[in-house]
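Shown below is the structure under consideration.
Chain naming follows the written order as A, B, C and D, and within any one chain the residues start at number 1.
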Amino acid sequence: MTRLSVEGAVCRHGLLTAVRGVSFALEAGEVLCVIGANGAGKTTLMRALAGAHPLAAGRIVLDGEDVTGLGTHARLRRGIAMSPEGRRLFPDMTVRENLMIAAENGRAGDWTLDRVLAAFDQLEPLLDRPAEKLSGGQRQAAAIGRALLANPDVLLLDEVSLGLSPAAVEGVYRALGEIKETRAMTMIVVEQDLTCALNFADRILCVTEGAVALEGRPDDFTRAEISNAYFGIHEKESADA
Amino acid sequence: MLDGTAQALIQGVLLGGYYAIIAAGLSLMVGVVRFINLAHGDMAVLGALVTITLTQVLGMPVLLSILLMLPLMGLLGWVMHAVLFERAMKGGLLLPILVTIGLGAALQNAMFGIWGSDTRSLGADIGSLAWEGWFLPGGIILGKLPVIVFCVAVLVIGGLHLMLRRTKLGRAIRATASDREAAEMCGVDAARAHRAAAAIAVALAALAGVFLAMRAQVTPYSGPAQLIFAFEAVVIGGLGSLGGTLIGGIVLGVSQSLGGLISAQASLLTGHLVFVAVLIWRLGRDWSADHGGWHAGLVAQLARRVGRRESGAEQ
Amino acid sequence: MMHDKGMTPSSQTRADCAPAVLEATGLVKRYGSLRALDGVSFRVRRGEAVGIIGPNGAGKTTLFGALAGSFPVSTGDVRFGDRTITHESAEARSRLGIARTYQVPRPFLGLTVFENVLVAAQAGGRNGRDGAADLAASVLGRTGLAGLANTPTAAIGLLDRKRLEVARALGTKPQVILLDEIGGGLTEGELHELIALIDGLKAEGMTIVWIEHILHALLKVIDRLVCMAEGQVLAEGDPREVMENAKVRRAYLGSDPE
Amino acid sequence: MTRHAIAGIPRVDRQLIAALLALFLGLAALPFFGSALIVDKLTLLTVYVTLAVMWNLLAGFAGLVSVGHQAFIGLGGYFALRLVESGVSPFPALLVGGALVLLAAWPLSWLVLRLRAAEFAVAMWVLAEAIRSMVMFDPLIQGETGRSLVALNAIDPDLRRNTLYLMGLATAGAAMALSYALLRGRLGAEARAIRDDAEAAASLGVSTMRVKRIIFLISALGCAIAGTIWLGSAITYQPRTAFGINWSVFMLFMVLVGGLGSYLGPLLGALLLFALQEIFGDFGAWYLAGVGVVAILFALYAPRGIMGLIADRTGREPLSMQARLTRQGEA
């Protein structure tokens, strides 16, 4: 069953076209990793999916319903939740409050505070600490936990490993791996760390200059192919180098 | 003389309660919506005039009039935000100023058109409350009404604080204030949170207006002065903090009250001067932080002056 | 090893021996609990072209802001030539000869293209009105904006706005120019023009610091590469060596590059 | 090598300037044939024009929206009154009193220009109130009671009326000429750059504080002199009126409706406010409420005012302050 499909999405930042006609479709429970260099349009694409950036053209369909015209909070209630770039926790609110906001404004479901704390055990002792006092890894855990508490069908995670220590990256992906195992949630993950992306994804989507450069299962491509698509380096130039 | 000072201090603190109520609404708007409503004082006057009309023309008990008026004014705040303020905020930094000052002018003069120029008061409708007081040792008199207003102020600020901490709406408002987009990503309807804050702000202004009408008179043109007191209290207390607003209100009330020992006009002036002093202190602190401390900053400035003169001489 | 990039030997020597024209030591910039710059030291010699790369949020643009004086730093020092400019305002630094461009162009939308550059040429370039008009016209010609001189800036496209960023910076007659991702969104042909322009500036002795994620463009121009991540300098030195650096590969490609 | 220069004034605009000059000269001759009533009314118009031009310089070109410039109107009046009381002859006292406002505006500028947009607006208003409380302290003013410019009453009514009118006209003319010279020059382009993006302007070497301060001081001076001329025709000085927020509402209305940030907009707005006042002034408060509503509507739906609508329709703004680039020798 197709859970989410994106058809010819175009996004602009004022005059700059950041996303140029991206299309893909995801089955329920599938995991897609979006990779690409800085400025390739990954974050804009994610924001567009979450409803935080308007589409200049194209549409987004969730479970057969066109959600293109819906605002961010309305999409959350339809089942699309996002952990945004930079985590964006509310810094002067406690971790508990950060989590509660999503729980009380999102959908009801299996993900409760207890389950989030079980998945990310490091959060338990931090519940009453202001979010600004957390370390990078703790922030990421709280941000993902916050998105999970809205009980989404589609979970968007921007820049999962950026700024995290190797141990923290491992922890986050262990938790995400368990969620993936259940196949109850469709995930779209923006990941700079190519290794993480290739290990975690069912499918990868490489974006260059706002357009899809590569799409397929991780095994479909060689590391060099992916690496070149990533940097937008043409075959000729990389031969020079 | 000492008794007079003590009396003035106490009265000033109590007066601060009134300022805290009207400033709380302004502070909420500045802190949460990042919007300064220059017609905030006129909302207070409108609330007072509506209450006076309900009481004196329709003959309702004062308390009932207030309880009826508050939700009405809240609704007005909600609608105004939805219709006017949201649109103005999209137009950049200058538009909200232009729109709300225009709104103030429209409101003041429309109120004049409707209610005329008479000064009005609720003093006669609250019976002995208007003038009764408790006598404390040392000849100090505690007016009942000021004490009630102060208690209401503490309740309002405390209640607002609890509302923001403990309720779903409160958390939604705080989240929106902190990061509007992230709040939306948590399912918060940020526009609704803003409108709710505007409704609360206008209702608080109206409540303050009622108290103003109880202890003094109001005219359709009393609003601007109330806005100025509210703004002063907010700045003195520190922008966007509710506890600070109460303190700011009390500081303003005390300085006016102490100034009042000299003369009625000095009362207003001392309040303004305290505001200016706080503003100078705050801007100076920022300047010094930006320039590596007072000493280094001033030396550098001086050196630059001299340097400019010398290079000017060369040319 | 760099001679194959069309650089004259004399400029190579000059760049190596010249003293630092712009030097930052131990810069820290805190926003709340976030350290956008976490102890960055950075120096560029006169006539040198330095590239800066790094993942999102590495602090590259913040470093530019700190160098150009857009905001005060929390701690650290900035020196220009032989004077400390840590607490100088942005306008003073511009007049001293440091110019910057913005990653997202920030033109004065109520002014024409010419007026945008005129303001820079009068204020930063310290010209009289006629001299400023002349300078502005020549800068507009050089950046390919001559035909748009009297067009309202609000009406020009992104590409021209990026050119205008460079034109305005050049209008201040800088010694050091800080270029922030001016190559993004350009076609291959436009990129070539841009590289030619920057090469030309370099040949005139201008010092260039360029943040860019289009690596192949960057590598054509720069003498030295700095890679930043999480508010710190990860690696710096010869561009190819920096690109091969394991830490840099990790910052870009992941925890386990083969 | 071709030399480039900034284009001269286009022919249409030169004709417009000539027409304005002719109008100015014609108006200067008015006392010789106009009735007393007309001279009185036109004096008010000149006050409006000056106020609108000054507020536009501040808000439209430098992006500083002040709702407290009544501080300078009221303070100028107060200084003039004080000068007259100490024996200075009334007409010079009006001008000098206005000029003395700079003594207050200069230190104030150090304070308020460091504030952000909305805070600047309200802080100016609060400062206007603070200055009003100080003025009310003067035993001469006696709080709300105020004081009359008795010395002016002693002058022959015709002489007084005509002199005030000519002073008002000269002030309005000077305001327009000065703002023209400033805006066509370096300061104007820098002010507009600051209005559009202050940080970017600073990064190009523009002394943002200096530019803002100059414009702030000029606007304070202009408003103060307009205020003293108004005082001259009103005779009575009352702090409540002289420091009234209505001044700001009027300035805002004229500039918004005429065209914020255009050269001719404030002139247009002043004419319109004057006409509206003549037609609807009898409705008193409701008329003022209407002024507020119209200001809101223009702010929301036509923020560039009538001049903006004209510019959109015709494709060019009359007497635009833009500097155009030409090759030297070309027209």
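Criterion: a contact is a pair of C-beta atoms (placed from the backbone, for glycine too) under 8 Å apart; a residue touches a chain by one contact, two chains touch by 3 or more.
Because the structure is predicted, anything quoted here is derived from the model rather than measured.
K.L.:
Grab the C-alpha centre of each chain and report whichever is closest to the global C-alpha centre.
P.N.:
Centre-most chain by C-alpha means: B.
K.L.:
Count the C-beta contact pairs for A-B and for B-C, then tell me which is higher.
P.N.:
By the number of C-beta pairs in contact, the winner is A-B.
K.L.:
Tell me, please, which chain's centre (mean of its C-alpha atoms) is farthest from the centre of chain D?
P.N.:
Ranked by distance of C-alpha centres from chain D, the top chain is A.
K.L.:
Measuring centre to centre with CA averages, how many angstrom lie between chain A and chain D?
P.N.:
So the centre of chain A lies 55 Å away from the centre of chain D.
K.L.:
Averaging over Cα atoms per chain, report the distance between chain A and chain B in Å.
P.N.:
Going by mean C-alpha positions, chain A sits 43 Å from chain B.
K.L.:
With chain centres taken as the means of their Cα atoms, state the distance from chain B to chain C in Å.
P.N.:
Centres of chain B and chain C (C-alpha means) sit 46 Å apart.
K.L.:
What is the distance, in whole Å, between the centres of chain B and chain D, each centre taken as the mean of its C-alpha atoms?
P.N.:
The mean C-alpha positions of chain B and chain D differ by 30 Å.
K.L.:
Residues of chain A that touch two or more other chains: which are they?
P.N.:
91
K.L.:
Among the residues of chain D, pick out those that touch two or more other chains and give their numbers.
P.N.:
Answer for chain D, listing residues that touch two or more other chains: there are none.
K.L.:
What's the complete list of touching chain pairs for this entry?
P.N.:
So, checking each combination of chains, I get A-B, A-C, B-C, B-D, C-D as the touching pairs.
K.L.:
In their shared complex, at which residues does chain B touch chain C?
P.N.:
289-292, 296-297, 300, 304
K.L.:
Give the list of chain C residues in touch with chain A in this complex.
P.N.:
32-33, 55-57, 104, 157-158, 161, 181, 184-185, 213-216, 230, 240, 252-258
K.L.:
Help me check something: in the complex, which residues belonging to chain D touch chain C?
P.N.:
It is residues 3-6, 185-186, 189-190, 192-193, 195-197, 199-208, 261, 322-325 of chain D that touch chain C.
K.L.:
Using the touch rule from the top, collect the residues of chain D that touch chain B in their complex.
P.N.:
Its residues touching chain B are 59, 63, 65, 67, 111, 114-119, 121-123, 125-127, 129-130, 133-134, 136-137, 143, 245-246, 248-249, 252-253, 256, 284-296, 299-300, 303.
K.L.:
How about chain A: which of its residues touch chain B in the complex?
P.N.:
Contacts found on chain A: 50-52, 71-73, 76-77, 81-82, 84, 88-93, 97, 100-102, 104-106, 146-147, 150.
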